[in-house]
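Below is one structure, written out as structure tokens, with a few remarks after it.
Note that the chains take the letters A, B, C and D in the order they are written out, and that residue 1 is the start of every chain.
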Amino acid sequence: MDFATFDSARRDLIQVGAAFHARGWAPATSGNFSARLGGGDIAITASGRHKGRLDEAGIMIVDAEGGSIDGGKPSAETALHLQIYRLLPHVGAVLHTHSPGGVAFSRAFPASTAWAVEGHELLKALPGHTTHEASVTLPIVANHQDMAVLAASVAPHLSTQPAPPAYLIRGHGLYAWGRDVAEAERVVEALEWLFAADLAERQYRASGARA
Amino acid sequence: MDFATFDSARRDLIQVGAAFHARGWAPATSGNFSARLGGGDIAITASGRHKGRLDEAGIMIVDAEGGSIDGGKPSAETALHLQIYRLLPHVGAVLHTHSPGGVAFSRAFPASTAWAVEGHELLKALPGHTTHEASVTLPIVANHQDMAVLAASVAPHLSTQPAPPAYLIRGHGLYAWGRDVAEAERVVEALEWLFAADLAERQYRASGARA
Amino acid sequence: MDFATFDSARRDLIQVGAAFHARGWAPATSGNFSARLGGGDIAITASGRHKGRLDEAGIMIVDAEGGSIDGGKPSAETALHLQIYRLLPHVGAVLHTHSPGGVAFSRAFPASTAWAVEGHELLKALPGHTTHEASVTLPIVANHQDMAVLAASVAPHLSTQPAPPAYLIRGHGLYAWGRDVAEAERVVEALEWLFAADLAERQYRASGARA
Amino acid sequence: MDFATFDSARRDLIQVGAAFHARGWAPATSGNFSARLGGGDIAITASGRHKGRLDEAGIMIVDAEGGSIDGGKPSAETALHLQIYRLLPHVGAVLHTHSPGGVAFSRAFPASTAWAVEGHELLKALPGHTTHEASVTLPIVANHQDMAVLAASVAPHLSTQPAPPAYLIRGHGLYAWGRDVAEAERVVEALEWLFAADLAERQYRASGARA
């Protein structure tokens, strides 16, 4: 499989950072975005940068174990990106966002272990989905500051067949992926749209009466 | 009637894609936009493209039966565009969007066969409406992956006199049209605004008490 | 009092059109914006134009009775702009917008004759307000397609001392004004913000429990 | 500690004004933004300017007592900025915004003396927070037109150990700060995101049923 060159990966990650920050999905320097490179290394956003105003210095390279190759400071959450690349060999990009919608759902229903919707045409934007007569289920794992603990709770969900398109960390946000940045971006846009549509549907029903 | 040249159609479709993607109405490469050309062919967005970042290669040409003229890959939903051009000879552009609002309404009231509002001044933005003392009704049809089945359920609604300005596919989105891209864009903007105003009105009422 | 030159008025009106369309307050070519010129004429947006993409041809000149001076087609609502200029001599700009929030309120409470809030710091953005310990009241008039009827119901509200900063037409939208386009823009931004804050406050209260 | 030069402070304040106005957090010329300069003076937005379209003339300099150094007209709220610089020596920038969310909360619960959330990962965007297993509390003070009275009610909250990252003025808005404009911007983005997530969480719970 062909993965990206560093130049094209950097260009794509800067673009997706600007797009996601504008939507409110990467506030306050949060969020991190990565792409697998041809040689096995990973291009990833440096820690603490404003994700909507990334420049070339905002994208660094780590090796497959997370060691910095070019001196930049990797995010603490690099381990979660590396886990996805390790367990899902087809994946070429990982995007981690913080949306009010996804986080709100996970906190409103603290006992739920998954978010699921069915019947939406937009499910077809998710890899492997070819019909709306289906459902998507995102696992929800508990947040933890120890990346090893967090990764351990994620691991079983990345081993199911088929794997989900993304997962939610309760009170934290979304990890999504794809074969390249474009596909991962599509997954995030679709899921964020589904969060919004789901909440609007609930608001319509709660508003009662008239069909 | 004068229909568009390919160059102007392409320019208009690229512009409307950027505008609609920015609003969240064409997420995850969904949505498709077309314009009828002078010779009877149709300019239409190629399948799988990011609708907010269309370039010249993102707009292709099909003939009136949906056959690709320039080698591009037409969307599966091309048939729904062609049906509108066939049944409504005055139509010069068709825009298909996925808005959380329209989809949410259609799912919140699964038994409803139409969405309707009355009394809004903005009804006058819809072709044929000259007063707010009227109503607009959008048919809602069930979604289906077989375009022939879907088109068959749409057909009666395009044959009413007068035809509606658009229709909703449950859990999927909106098909709207106009004599050109500008008019079709106006119809989409008006209907999306009406979805938003309708939900806000319900939220005001549900919040109770004080006028 | 110094009113605008046509060149500066046109520039300001084009800019405010782009800003308001981006906010969703001038959908589907709706809305109209005007400024009083030094000679007594009025620069006003031509009818049927996309208000977010106005160019120089999109701004026309009418005289104080509404007659076109440069051949452009004035909006049917020009009479409402002229009424404000006639009854409020200090006014140098009038902006008419269609916001889902303001319209939703007016429809949710069909018997109300005014929208009012008190205690907001942002009241100070409205001319004549210097403290938050006050209130603002916008009259609500019924919509009508006959501009003479509509203007007659507006007239008493423009004659109160002091005049309100704006008025709402039920199910239609907002008419706001100021000594120039900048002040009128400030009034619209403040009122739209207040509509949004008011609805959010109701949603917080309706969500119950915890302060 | 190194504070900013006037040129870089001005550039940063213009940028943050554009960003915040676009979000709807600085409507109708409201809001004010400042940065402490190397010599002890303060660069601050001039009064009455459109905060989304600041130019170089829109940023002025006052001394540590609020006296204008360059002839510009300081905002009445300059005293609140100076208070923060006086009581919190590490602070290099103060940003005052008006968000519908923060204001709505403070008005919906008029007896509350603080806004607090706990358990959010995004708490880590606030200085001093390194885990989500914590909470943030913003004091809420009553609004007042007399800056001396307002400052007196703020003072105790700036003297707690540790100080909060920001405070809310009921029915008015948010005062936030950081060691520089970038950190203060991060604090505002994080708090606005938390207001939005908090309201969405309540809406999910209020919509009942299904986890």
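Everything below uses one rule, namely that contacts are C-beta pairs under 8 Å (C-beta built on N, C-alpha and C of every residue); 3 or more make two chains touch, one makes a residue touch a chain.
Because the structure is predicted, anything quoted here is derived from the model rather than measured.
Engineer: Between copies subunit A and subunit B, what's the superposition rotation on C-alpha atoms, in steps of 5 degrees?
Structural biologist: That pair's rotation angle lands at 90 degrees.
Engineer: Examine where the copies subunit B and subunit C touch and state whether the two sides share over half of their residue numbers (same) or under half (different).
Structural biologist: Under half of the interface numbering overlaps between copies: different.
Engineer: Go ahead and note the Å separation of the Cα centroids belonging to subunit C and subunit D.
Structural biologist: Chain centroid spacing, subunit C to subunit D, equals 30 Å.
Engineer: Can you list every residue of subunit A that touches 2 or more other chains, as numbers and ranges?
Structural biologist: Subunit A, residues with two or more chain partners: 202-203, 205-206.
Engineer: So how do the chains connect up here, line, ring, star, complete, or something else (other)?
Structural biologist: Topology of touching chains reads as a ring, each chain with two neighbours.
Engineer: Which chain pairs here would you call touching?
Structural biologist: Every touching chain pair, ordered by label, is A-B, A-D, B-C, C-D.
Engineer: Provide the residue numbers of subunit A that touch subunit D in the complex, in ascending order.
Structural biologist: The contact residues of subunit A facing subunit D are 24, 27-30, 50, 98, 100-101, 103-105, 107-109, 111-112, 143, 145, 169, 171-173, 199, 202-203, 205-206.
Engineer: Under the stated contact criterion, what part of subunit A meets subunit B in this complex?
Structural biologist: Per the touch definition, subunit A meets subunit B at residues 119-122, 125, 130-133, 182, 185-187, 189-190, 192-193, 196-198, 200-208, 211.
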